[in-house]
Every structure is written in C-alpha cells, then in structure tokens.
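First subunit A sits with subunit B, and in the next complex the same chain sits with subunit C.
This part shows the complex of A and B:
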C-alpha cells in the first residue's frame, strides 16, 4: 500500500492533536473531529480495539463529570430523578470532539506503520538524534521481555504464597526489584554491546523525502483543518 | 589477510673487531597485550601482568569463575577503561589500534566483532533486520551496502524469513545466530567470543563450533573465552589458563591427563569425557504422569507423556531449546494446566526458574531468609545451615550475589516450600566446574533426604553425574533413555570428540 511518509504523518498527528486543544468554536472542532475519526477509526478498528473502549469510557466519564459541573442552561431531558440541561451536552460534545480528534489522529499514525517504520522514519526523515531514536527502538525490543519478567515474578509469587495482584507498596517493591535488577544488568551489557558495534559514531542517515499522492492528500487535509477558523469564524 | 610487517630494531655494540648491526625480527601480532594491572574501582587488580600476543587462528582462554576472563576481553577492547570507569595500566594493541586512547577506542568497533555470553543482553533492536543493519549503519556503510549485506548475513544464518519478526519470537539458537551475524556483518579482523556455549543447546554448540572453525580457516583472529574446555579444545591452536588475573599455564597441541588434573584443581572443567555415576536406590512414588499433553493456548508441545518419579530420584529432561522442557516443568508445578491426561502428585512441587532473581522478595539475604522462615515455618537456623556462605553475605542483596550463589539460594527456597519435588530449570548454566560440584553436592544431599528433582538441562554433566533417570523430548514425544547413551548423544550432537 502506498503510504504517506512517516515524518509527514507524524507532523499531521501532532498538529491535529494541537488543534483539538486550540479550537474553541463548536463547528471547527466538530469538523476536525469528524475528519480525524473518518481517517483513523477505520484503520485502527482491527489493530487497536482497546482505544475505542478507552474512548467510550472517557466520554462516559466526561458525561458524569458534566452532570456535576456543567448541568446548566435549558432543560433538554427530564427523568424522574434527574434533569439534564444543555450545558451537559455542550460539554460532552466539546470534550468528546477533542478526544475523538486525538484518538483518530493517533490511530491513523500507529495503524499505518509498524513500530520499526516509525522509529526509522523519525530518525531518517525528521533527523531525530540517536539519543531519542535508540531508546525508542530499544523500548520496542524490551517490551515483550518486561512482560515475560512480570509473568515470571507473578508465577514465583504465587508459588511462594503471596498475592499476585500488587496492592501494597511492599508488593509493588517485590515485583519491581527483580525486574529492575535484571533491566539494569541488561542495559549495562546492551550498552557495552552497542558501543562495541560503533554506536558512538552513529550519524543519523538523512533520507530524501519524495512526496507522493497520499502525502499531498494529507497536506490538503491539514491545510483544510488549519483554515477552519477562517471558514467558520 | 593482513601482511605481517617486519620491524627492524637496530642496535650496535662493540666487540674486539667491529660493530655489528643486530636485526631483531619481530612479526607484528593482531592482539598484543602488555597489561600490568587492570580492574574496577572497588577491585583494581583483577588482572595482573598479562603479557602475550595473539595472531590468526583460535586462542582459547579459560579459567574458573572470577579468574578475570571477561574482564580481559573488556580490557583489551577499551570498554573497561572508557565505559566502566575501570583502570588499565600497560599497553594494548588490537590490529595496530590502541584501545586505551579515546581515538583508538572509537576505531575499535570497525576492527572487532564481539559476541557476548548472553544473546538476550546483546540484542538491542526489535527485529533481526534492524539488529544487523544497526552495526553497519553505526559504522557508516552506505545505505545500499547496508541493505545488501544485511540481507546476505540474514540469509547466511537462516534468518531471512524472520527478518521482520520480533526478536523475542526467535528461539535461543536463532538469537545466538543473530548475535554472530550482527557482530561480523562489517567483516572485522578480530572476533571475540565470551562463553559462547552458555545458554545454548548441544545443537547450537555444534553450529557455533563449526562457525568458529570456519572463521579461523578464513584467517580471522578468534579469541574464545570459555570454561567448558572440551567444546573448543580441539579447535584451538593455543589454550591460555587464567587464575586470579594471571596467565598460569599455556598449552599447545592438546592436554595430557596431568594437565587435566591440574585444571580441575583450579575449578576448570577440562575433562574430555563426562563421567557417568551409578543409579541409587529410590523411595516411594511421588509423581505420575499419565498420557499428559503440555503446551500453550491449546497447542500441544509434547504429547502423551508417561512418567514415574520416586522420592530421592533425580530425573534429567533433555532436548532442544524450545522443545517443551520448561512447559513440562511449569505444568507439573501447576503454573500451567495440562492439555490432556492426569498428573498425580503426592505432596507439593516447586518450580525454580532458570533466572533465580524472579524468586527473591527482599533486599538482603538475611531478610530473604527471615521471610522464608516466616512463610514456611522452618527455623531460620535450619535454613542458614543450608547456605554455607550466609555469614559473609548476610547484608548483601540477593540480586548482587554471585551467579552460583543465586542458583543455590533458589534451590534452598524451593526446598523450604517443598520437600517432595523440586523442578529446576537449567540450574547449571554458566557454572564452572567448582560451582557445579558444589551445587551437585547440595542436590545430592537433598535427594538423599528424600526430595525428588526434575531438572531441565542441556548440560551433560547433570545427566552423567547427577541424574538417576533421563527423559529425552524429541519431535513432541518424551521417552526414557539410558543415562550413558544420553551423555554420548549430547556430546556427539555438540560435535565433541573425546
């Protein structure tokens, strides 16, 4: 599939996230939310279903919070124990639109590329320094290892007759001690290994960005969203 | 191939008739070590008076744990001085580069390929492709060459179809192959291997032996640091023995029985053959497996396992990396559900993982033992009797104990929870001969008291000297095999010629 370049998609996502906070006008915000939802949700539906769950939970939380702090204006819905006023719907729509914009833009970015493509793209296209790009790549390498460590500690605690859900500070400490101890040892030897493979001399390799149709479409979308305050003053 | 350079040193002296020019011919070596003293901040004299040269071919450096083998590798590559803030006094030259100067240290990666003991700690990137290209990109190779050579290396090491698979999905042998591919992608002239046989099965050892022999035949200078001599003794042109940071012996052209005895007394497993102990009388049954299938997520790894274990019995489970040994142990311990069949366990079973750190809870050995006593109801004094090195280490964190001590402590923890059955996962990985003998003593002592052991292992020493019965897992089936045959099988698979 022909995809926009990583750097452009990253900048798009970053800008859309900023716009979600900058736009105060209802129409602009709703349009931005709609564009990003259409862009990100279909792509992210298979790979990141948990994001949708989180989004629903967050909007439900916003609704409950609005009932407490923004239940003002005309009565819109009246039940036998509660009157919901227009302020609640406005607050849910505004904050919900922001959350949808952020989730849509993020889903668009993470669903389109593998973690490896993201790290490589950020280093080669955006010229991120190696002290940022390497920890990102190393983090991707370590995540499954940390999950394995966690499960092993869990199994060991269960055998030794301790609860497996860390509740107290002592539980948390006994989970973290072995994981930290092993991580420090791994980091030390990985550090030695990468230095002996020339990491000190590494220079980010610049890759010339050649824009294709998806890139132009993305730029168009970005310009459109940036010009919304002019279209809907 | 490098051309040896002739360096002429002239000196003149008088005799009764004339003055002569004496030409001393000195063939330059790829590695020259004139280390007077090297060590760490708290221990400045780990190495002392290490004067020797190495040229093309294989040099095996051996020594007991703590003899300074790894420190030597770190010293000659400049890591000790520049990264670990250690001290190195003397002169070192690695292919004409002085790694002790900052400029020289920066040039070292282009000259050497370093393969660490544990592939888990060497692999830095999420996929095999990234791991190999990382070396080449660091060293400034042009993009097209990076791509071509990465593809070549992954193809040569059988990893091309897994180029973009996450490294955690690779087997232990594949990870070892990846570390070597990444270490030699830039075609260095010197290759350094730190305990290459650790953490791999005999099949992996055979492969690595063949690779090392191939490197030597191509003219590389290969340094292998290893305490299990028999895996590389026949390949090495020279064996250097380190003891307390000094070279105490050098052998060329094989080892005599006198040499072997001397090395054994230093804690180095120099035996060319593994001895096989006689079986002992066993107690009543403690575990029975009837047609058990083990595996993950409904997919069986090993099918129809039938096993009987008795009190005091030590059973070794052998087989390739990833064949299902650990899964079987975890299933017996109750951490995983069997996919089919029945497990009859009379008493308790305790699983001690390959990485003992997972079991520890406290920040000092004393606290750990106190907590153990509190939880299991065993008197603290009784537990301390099982840990002969408790006194001098009581205030140390269990995570800072030596590798052998941590393994020891994990067995004591297992024993405190279950006097019936202890399941050990690779308990002898990385242990030298002396530590192995000590650990064997502990296991024998506990088994004589009636505790049964199942040990998942690749180590022929465990099979020959500790086990009463041996089970081989191969192609998804588990079957009893004769102990002597099992030792010969593991040694022949590893390609070791007695």
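This part shows the complex of A and C:
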C-alpha cells in the first residue's frame, strides 16, 4: 500500500493535536474532530480496540468533572436528586471533541506504520538524534520479549500451583523481579555488543523526502483544518 | 561554551550500555504510563478528581526517577520520562501526542530536581523530589491543554495531591532501580 512518508504523518498528527487545543469551541473544533475520527478510527479499530474503551471511560470522567465544576446555565435534565444544566453538556461536547481529535490523529499515525517504520522514518527524515531513536527502537523491540518473559513466569507459577493473575504486591513482585533483572542483563550485553560494533561513531542515515499522492492528500487535509477559522469565523 | 555544545558533551558521555538501559526504562515506563490511564479513568469515574490523581499521577512521573537512579548521569531523568512518553504514544493511548508534550515538560522538571542536588544524589529522596517536581508542569498542562481550570483552593489541593503521589511513586521507582542496580 502506498503510504504517506513518516515525517509528514508525524507532523500532521502533531498539528492536529495542537489544533484540538487551539480551536477552543464551535464548528472548527467539531470539523477537526470529525475529520480525524473518520481518518483514524476505521484504521485503528482492528488493532487498538482498547483506545475506544479508554475514550468512553475518559468521556464519562469528563461528565463527572463537569457536574462538579460546570453545572451552570439552564436546567436541561432534572432527576429527584440532581439537576443537569446546559454547561455540563457544552463542556462534555467541547472536551469530548478534543479527545476524539487527539485519539483519531494518534490512531491514524500508529495504525499506518509498524513501530520499526516509525523509528526509522523519524531518524532518517526528521533527523531525530540517536540518543532518542536507539532507546526507542530497542524499547519497542523489547516489548514482545517482555511478553514472552511474562508468559514464562506465568507458566512457572502455574506449575507450582500459584495463581497466575497477579493480585497482591508479592504476586506483582514475583513477576516484575525476574522480568526487570533479565531486561537489565540483556541491556548490559546489548550495550557491550553495540559498542564493539562501533555504535559510538555511527552517524544516522538521512534520506531526502519525496512527496507522492498520499502525501499531497495529507497536506491538503492539514491545510483544510488550518483554514477552518477562516471558513467558519 | 554554548548550551548546545554543553548538551552534546553531556550526551557524548553516554555509553552503549546507557543507551540500552534507557531503552529498558522507556519500555517499562511506557507500559506503566499506558496502565496508568486505566487507573486514572477508573479512579476518577469512581472517586472523583482527587482519587484519580492520587492513584495515577505519580505513575506518570516514574520514568525520570527510574532512569536517573539506574543510569546516574545528567539528562537521564529527562530522557527516561520523555522516551517513556514516546513509547506510550506509539502503543497508543487516548492521550495521543499530548503524552509527548507532557513527557517533555515533566522530564525537564524532574531533571531540575537532580540538577538542584548537583547530580550527586540518586537515592530514594532524590527520586521523591524528582517525582514531586513533575507535578507542577503536569497540573499547568492540564489547565492549558484540557481546560481543567478549578477555583484556586481546588487547584492548590490538586497540586498537593499530585506532588504527594509523584513523591511516593518516585521514591518507589528509585528504590526498585537501586535494588536492580546492585543485583
């Protein structure tokens, strides 16, 4: 599949996130939320379903918060113990749209590329220094290794007749201690190995960005979202 | 000497082992930051703004004390927090790219804690200080980015709650790092 370049998608996501905060309310914020939801949610639905659960929880939290601090204006809903006023709905709509924009833009970026593509792209196209790119690449590579270690501890606990779901601090410690010790041991030998291969004098490879059709489409979307205050003053 | 040259000098002192250790801290902090969203959202939905913050905010500050106590070099605190936030962004969470903004400023504030101690102390107290110092930028960003603006008394209480949470989790992170370092 032809994809936009990582640097441009990164800049797009960063700008959309900033726009979510710059457009404080009104049509502009709703349009930005809609564009990014349409862009990110279908892409991220398969891979990152938990983000939708978090989004629902966050909006519920915003509702409770608004009841506490923004319950002003005309009464909209009245129950025997609580009156919900228009201020609550306005606050939930405003912050909800902001959260949808941020989550949509992030889902678009992380669903489009593998972590390896992201790190390589950021280093080669955006000139990310190696003190950021190497630990990030190593950390992301470590994720499946940590999952494997976790499963090994789980199997060992099962064989000894202990519960596999860590509930008490001692359970958590019995999982974390071997995993962290192993990770640090691995990091030590990885560090020695990369030094022996001349990592210290390695210079990051830079590539020139060549724009294709998906890049132009992304630039168009970005310009459209940036010009919303002119379209809807 | 310009600040950029100084910064380059600091980074040049890092060895391959430090880079790899930063990677471990980044992934551990990233997983903790990701889990903290559930803790925060559930805590806030059940117990309101104070419960959510005391339970979860400190978890979002542990990248800095963990990295600094493990690596014991200038800039380690900033890098630990920022890289953890980057991993959290890539996983991803509902916070999206805002995690990076938070990670950047929290990392700087925690780094300030170690700088104030002259980069000589890396123990539990330094960890608690670094964790507590990450709270003010976090509360400020909550107000600027998410418009979480409360009356002055509530804001002050939230700040205290976040600082206490940061100090407790920061001390814990430093303790864990200290134990791992000498194993």
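Operating definition for what follows: the second predicted complex is superposed on the first by the 197 of 233 C-alpha atoms of A that agree within 3 Å, B and C clash if a C-alpha of one lies under 4 Å from a C-alpha of the other, contacts with A are read in each partner's own complex, and residues count from 1 in each chain.
As a convention for this text, a contact is a pair of C-beta atoms (placed from the backbone, for glycine too) under 8 Å apart; a residue touches a chain by one contact, two chains touch by 3 or more.
None of the values given here were measured: they were computed from a predicted structure.
Of the two partner chains placed by superposition, subunit B and subunit C are both touched by A:199.
Once the two complexes are laid over each other on the shared chain, residue contacts for A:227 go to neither subunit B nor subunit C. Once the two complexes are overlaid on the shared chain, A:138 sits against subunit B and subunit C alike. Looking at the shared chain after the overlay, A:78 reaches neither subunit B nor subunit C. Once the two complexes are laid over each other on the shared chain, residue contacts for A:162 go to subunit B alone; subunit C is not touched.
When the two structures are aligned on the shared chain, A:212 is found in touch with neither subunit B nor subunit C. Once chain A of one complex is fitted onto chain A of the other, the partner contacts of A:107 are limited to subunit C, with no touch recorded for subunit B. In the superposition on chain A, A:153 contacts subunit B only, with no contact to subunit C.
In the superposition on chain A, A:191 makes contact with both subunit B and subunit C. Judged by the number of subunit A residues each one touches, C leads among subunit B and subunit C.
Taken together, the two structures place residues 115, 134, 137-138, 140, 181, 186, 190-195, 199-200 of subunit A in contact with subunit B in one case and with subunit C in the other. Note for the complex: subunit B touches subunit A at residues 74, 77, 79, 83-84, 106, 108-110, 112, 114, 116, 118, 120-127, 130, 134-135, 137-140, 143, 164, 166-168, 182-183, 330, 333, 335, 350-351, 353, 355, 357-363, 375, 397, 399, 413, 417.
On subunit A, the positions that touch subunit C within their shared complex are 13-14, 17, 21, 24, 44, 48, 51, 54-55, 57-58, 60-61, 64-65, 68-69, 94-95, 98-99, 102-103, 105-107, 109-110, 115, 118, 129-132, 134-140, 142-143, 146, 176, 180-181, 183-184, 186-188, 190-195, 199-200. Those residues of subunit C that touch subunit A in the shared complex are 11, 14-28, 30-31, 37-38, 41-42, 44-45, 48-49, 52, 70, 79, 82-83, 86-87, 89-98, 101, 144-148, 150, 176, 180, 183. Of all residues in subunit A, only 114-116, 120, 134, 137-138, 140-141, 144-145, 148-149, 152-153, 155-162, 174, 177-178, 181-182, 185-186, 189-203, 205 touch subunit B in the complex they form.
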